[in-house]
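Presented below is the structure to which this report refers.
As written, the chain order gives the labels A, B, C, D, E and F, with residue 1 at the start of each chain.
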Amino acid sequence: MPQPDHISRLGVPHPDGLDDDLRAIWRKCQDKLGFVPNVYSAYSLKPQRLRNFMAMYNEVMLSDSGLSKLEREMVAVVVSSANRCYYCLVAHGAAVRMLSGDPELGEMMALNYRVAKLDPRQRAMLDFAWKMTATPWAIEDADRDALRAVRLTESDIFDLAETVAFLNLSYRMASATDMMPNREYHGAAR
Amino acid sequence: MPQPDHISRLGVPHPDGLDDDLRAIWRKCQDKLGFVPNVYSAYSLKPQRLRNFMAMYNEVMLSDSGLSKLEREMVAVVVSSANRCYYCLVAHGAAVRMLSGDPELGEMMALNYRVAKLDPRQRAMLDFAWKMTATPWAIEDADRDALRAVRLTESDIFDLAETVAFLNLSYRMASATDMMPNREYHGAAR
Amino acid sequence: MPQPDHISRLGVPHPDGLDDDLRAIWRKCQDKLGFVPNVYSAYSLKPQRLRNFMAMYNEVMLSDSGLSKLEREMVAVVVSSANRCYYCLVAHGAAVRMLSGDPELGEMMALNYRVAKLDPRQRAMLDFAWKMTATPWAIEDADRDALRAVRLTESDIFDLAETVAFLNLSYRMASATDMMPNREYHGAAR
Amino acid sequence: MPQPDHISRLGVPHPDGLDDDLRAIWRKCQDKLGFVPNVYSAYSLKPQRLRNFMAMYNEVMLSDSGLSKLEREMVAVVVSSANRCYYCLVAHGAAVRMLSGDPELGEMMALNYRVAKLDPRQRAMLDFAWKMTATPWAIEDADRDALRAVRLTESDIFDLAETVAFLNLSYRMASATDMMPNREYHGAAR
Amino acid sequence: MPQPDHISRLGVPHPDGLDDDLRAIWRKCQDKLGFVPNVYSAYSLKPQRLRNFMAMYNEVMLSDSGLSKLEREMVAVVVSSANRCYYCLVAHGAAVRMLSGDPELGEMMALNYRVAKLDPRQRAMLDFAWKMTATPWAIEDADRDALRAVRLTESDIFDLAETVAFLNLSYRMASATDMMPNREYHGAAR
Amino acid sequence: MPQPDHISRLGVPHPDGLDDDLRAIWRKCQDKLGFVPNVYSAYSLKPQRLRNFMAMYNEVMLSDSGLSKLEREMVAVVVSSANRCYYCLVAHGAAVRMLSGDPELGEMMALNYRVAKLDPRQRAMLDFAWKMTATPWAIEDADRDALRAVRLTESDIFDLAETVAFLNLSYRMASATDMMPNREYHGAAR
């Protein structure tokens, strides 16, 4: 049962034709990860949009924040789970496994986070992420207060909100273009 | 982040107290799989109900049928995915990986089967399984005809229907009791 | 307006060709009820699967349990109502009328159980049955605790859960095969 | 298991205190039906609103129309079924049984109209009624054209639409006030 | 981008052919509003049904009640918002702007009432209106008690319920006939 | 009825404390629009995140593309409508009115785009935008082909997808922080 070998249904330009700054990033990915994430390849159809996407990705997922990188990746997987995004679940699921060293935790986040044994802070963050993804129009003061009650600051709430919002952007790009994840993610940190 | 160590929230009797026939099955599982599936342990609270469950499981998933064992496991994973059953996704996902030798196929079934490259027969089976799980009241002649169009016989349709129905029973038992899958499934056939 | 005269859209074998044990059951049904329930006829396409189904049905609905037979039939009707299964609503609705001697109670269970005047124990059971049918992934400790609060034991919760789970199997078989209920149910115990 | 004996949770004035025209209607109901429909009693809290309701009811359900009275009652039951209104299902279900002389037809309309053997004109009417009840915002030219294709005139479509709309008013009054149907409906025309 | 110029997809009779009482109403509308509301024109296809509709409209929206006219218009907009009825949102939105003198309030009611700064009484009324529109089958004593807690009388609850119910009738007529609002509403009271 | 005067529930820093580049943008907004859009003020809590957001906004909504600016604003309003985002509906609704010179078109996009008279290309774009927002997991080749059928290029599809995805990010930030739109939008281009 051969699986899809496309990266994006909208096609992907040959990397040799990319601008210098992007080719430098391609090389860096190859060196560090062993591959270029397919989301970059798919986005390289529009170089300036790719640059904006990478800038936002780096800030949201990797910059200093009251939320740890693992927490942000857990949020990413739960948001992707709410909308069944194959690309994001595979890529961010691998990140959860790597950052936590706990393969089961990644599975739980992807399949149904409610079964995981989480501390109240993490549970509150993931409940907020689910609601903000599924029924954003119903968020009210009480939802923000539930985050404050487990000691998230206003700054933490901003970062949580933007992580959720960013994933709602990125999984929709993946769904709209039928983006396939790199195979390397599957075996990582099992 | 220590994960749940219970098998079922309703408790599990010690295996030494089980009837002889069940203890024999426990030994066989240990020999063959290296562990007793937690669904059996959870069900052993009620020995006769466990026997009935095992009889149905064996007939539905393992007996001769126009649907291959892999196809039935694919159906099982898709039904479990529709309702985000952690136990079933982990256990049947491992079965898909083992039977297909294709780790990605298991992931696709669990996360969003629509992204997989399937032949029309399998796709029709999985679409029927999803609809029969999510909106059974809306199934009409046209849905059965779509299966006949990809050459399922009446007998095949019966077997497909019972596979879907059985999984709708078993994932609800797992959800209602917060059943946890054996850890051995996670690493299997990656 | 002539109504459907089929039993199942997948066809039904002539009873004379059935194995001896099944023909004995057919005779017993004729003697006791005056008819063979159509679910048996529909399932007789696959004799071993029918045997497993009957064994499970008898254990779940008729064996000793902390839940009375009437309570289990009420659960059956509410589960069927959640998914608008014509066969199950007619058959189990008749059972509620017979066991309770209260025709209105059967109607309320079938049409909207929330309007019935129920004691807290029954209401809690039916709320759990609805949730376990409609959104099983969202069941958590609080839902089981709500049952314990009205004095269901762990054993009762198991039996309640399996009643719900079994009905989720059987109404899906009815929907998938467009199974029609025996006409005798309609007038029974009005 | 004693069932509710209230008529409406908002209370009902004593009939002796009603205006002459309403008392005349009460007497006419007693003579013709043997009882005053509870919806009238519930509405008599506000006499002018009751008069308007009765005027609309009579025009929509009983005046000359390209839709037969039975067809309008079938529509009424299906609309009530979509929203699980106990009062309306019991009252209009009885009307379907009386007008059709077919107890099963009433049950099918109430429980899941898709299982009934209907001619294309009736099926199209009921599909429109369901959609107009459940997702009115999604009705487009194609839905009206489907009615024209089974030879409904513009006048028939207007009458069908107002029947659906009126029932969406009346079952909501019943739900909002927890209105109970008269017991006489249950046994009628079984 | 020329927008629709029809009033109703089912056609509208020429006003000159209407009965005297209706022509008098047409003249009164022209004098008072400068136009005849399209809902009247659309309904004039069936004069008696129009008369019933106007009688109910006047009683529900304009008669004396414990709910102010503005409150009833706010309810009307929120009910229409729940089902995305273009006609009703434009017409009743204009009424909210006129009665409140607050253009933003009309927008909030139409787009998402949860963002408005409302007193508890109004918020409770609108929450009830939303639930009674979206999931009427789930209304229970607790929902009525929430209205009593903010001092709505039984009479007020009746009027609130009928306002919600009436709007559920009228927006469905608008959706079923693709009724277009008069252009005059758009600029009114901005 | 005084309406909310906050900009974001997470607070907003005083503009005088912002970095030079942001203060320059604030001045430019004041000069050109007469106000600083509240989304910028809300985001200024985190200057680098604001810069990334503005870069993406400018590229997605304003750069050269096969989709006109009006078309992108129509998409923005429809995406916001699907999730009832007050901020986005007010801000992008004003943009549709300004770019189209058609106040009704803005209303239709915000309230129910299906009632507008659109050419097939625009209708296909908005149907895709709705589906990609509401059920992204169900997008398949057929959905992309429907866009190609009305002559969108692969590049146009990419831009459409990113417009939808970006709005799914931005309205979630607005919902999560209860962001209020500037009052200037309400009266603009009526």
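Basically, a contact is a pair of C-beta atoms (placed from the backbone, for glycine too) under 8 Å apart; a residue touches a chain by one contact, two chains touch by 3 or more.
The structure displayed is predicted, hence computed values, not measured ones.
Here the chain-to-chain distance from chain B to chain E, counted in touching steps, is 2. Chain pair with the larger contact count among B-D and E-F is E-F, by C-beta pairs in contact. Between the Cα centres of chain A and chain E there is a gap of 44 Å. Centre to centre, using the average C-alpha position, chain A and chain B are separated by 29 Å. Each chain gets a centre from the mean of its Cα atoms; for chain D and chain E, those two points are 22 Å apart.
Across the assembly, chain E contributes residues 84-85, 112, 137, 140, 178 that each touch 2 or more other chains.
Chain contacts here follow an irregular pattern that is not a line, a ring, a star or a complete set.
Under the touch rule stated earlier, the contacting chain pairs are A-B, A-C, A-E, A-F, B-C, B-D, B-F, C-D, C-E, D-E, D-F, E-F.
Listing the residues of chain A that touch chain E in their complex gives 137-138, 140.
Those residues of chain A lying in contact with chain B across their complex are 1-4, 81, 84-86, 89-90, 100, 102-105, 107-108, 110-112, 115-118, 178, 180, 183, 186-187, 190. Those residues of chain A that touch chain C in the shared complex are 112, 114.
The part of chain A that touches chain F in the complex is made up of residues 9-11, 45-46, 48-49, 52-53, 55-56, 59-60, 63, 83-85, 132-133, 136-137, 139-141, 144, 154-155, 157-159, 161-162, 164-166, 168-173, 175-178.
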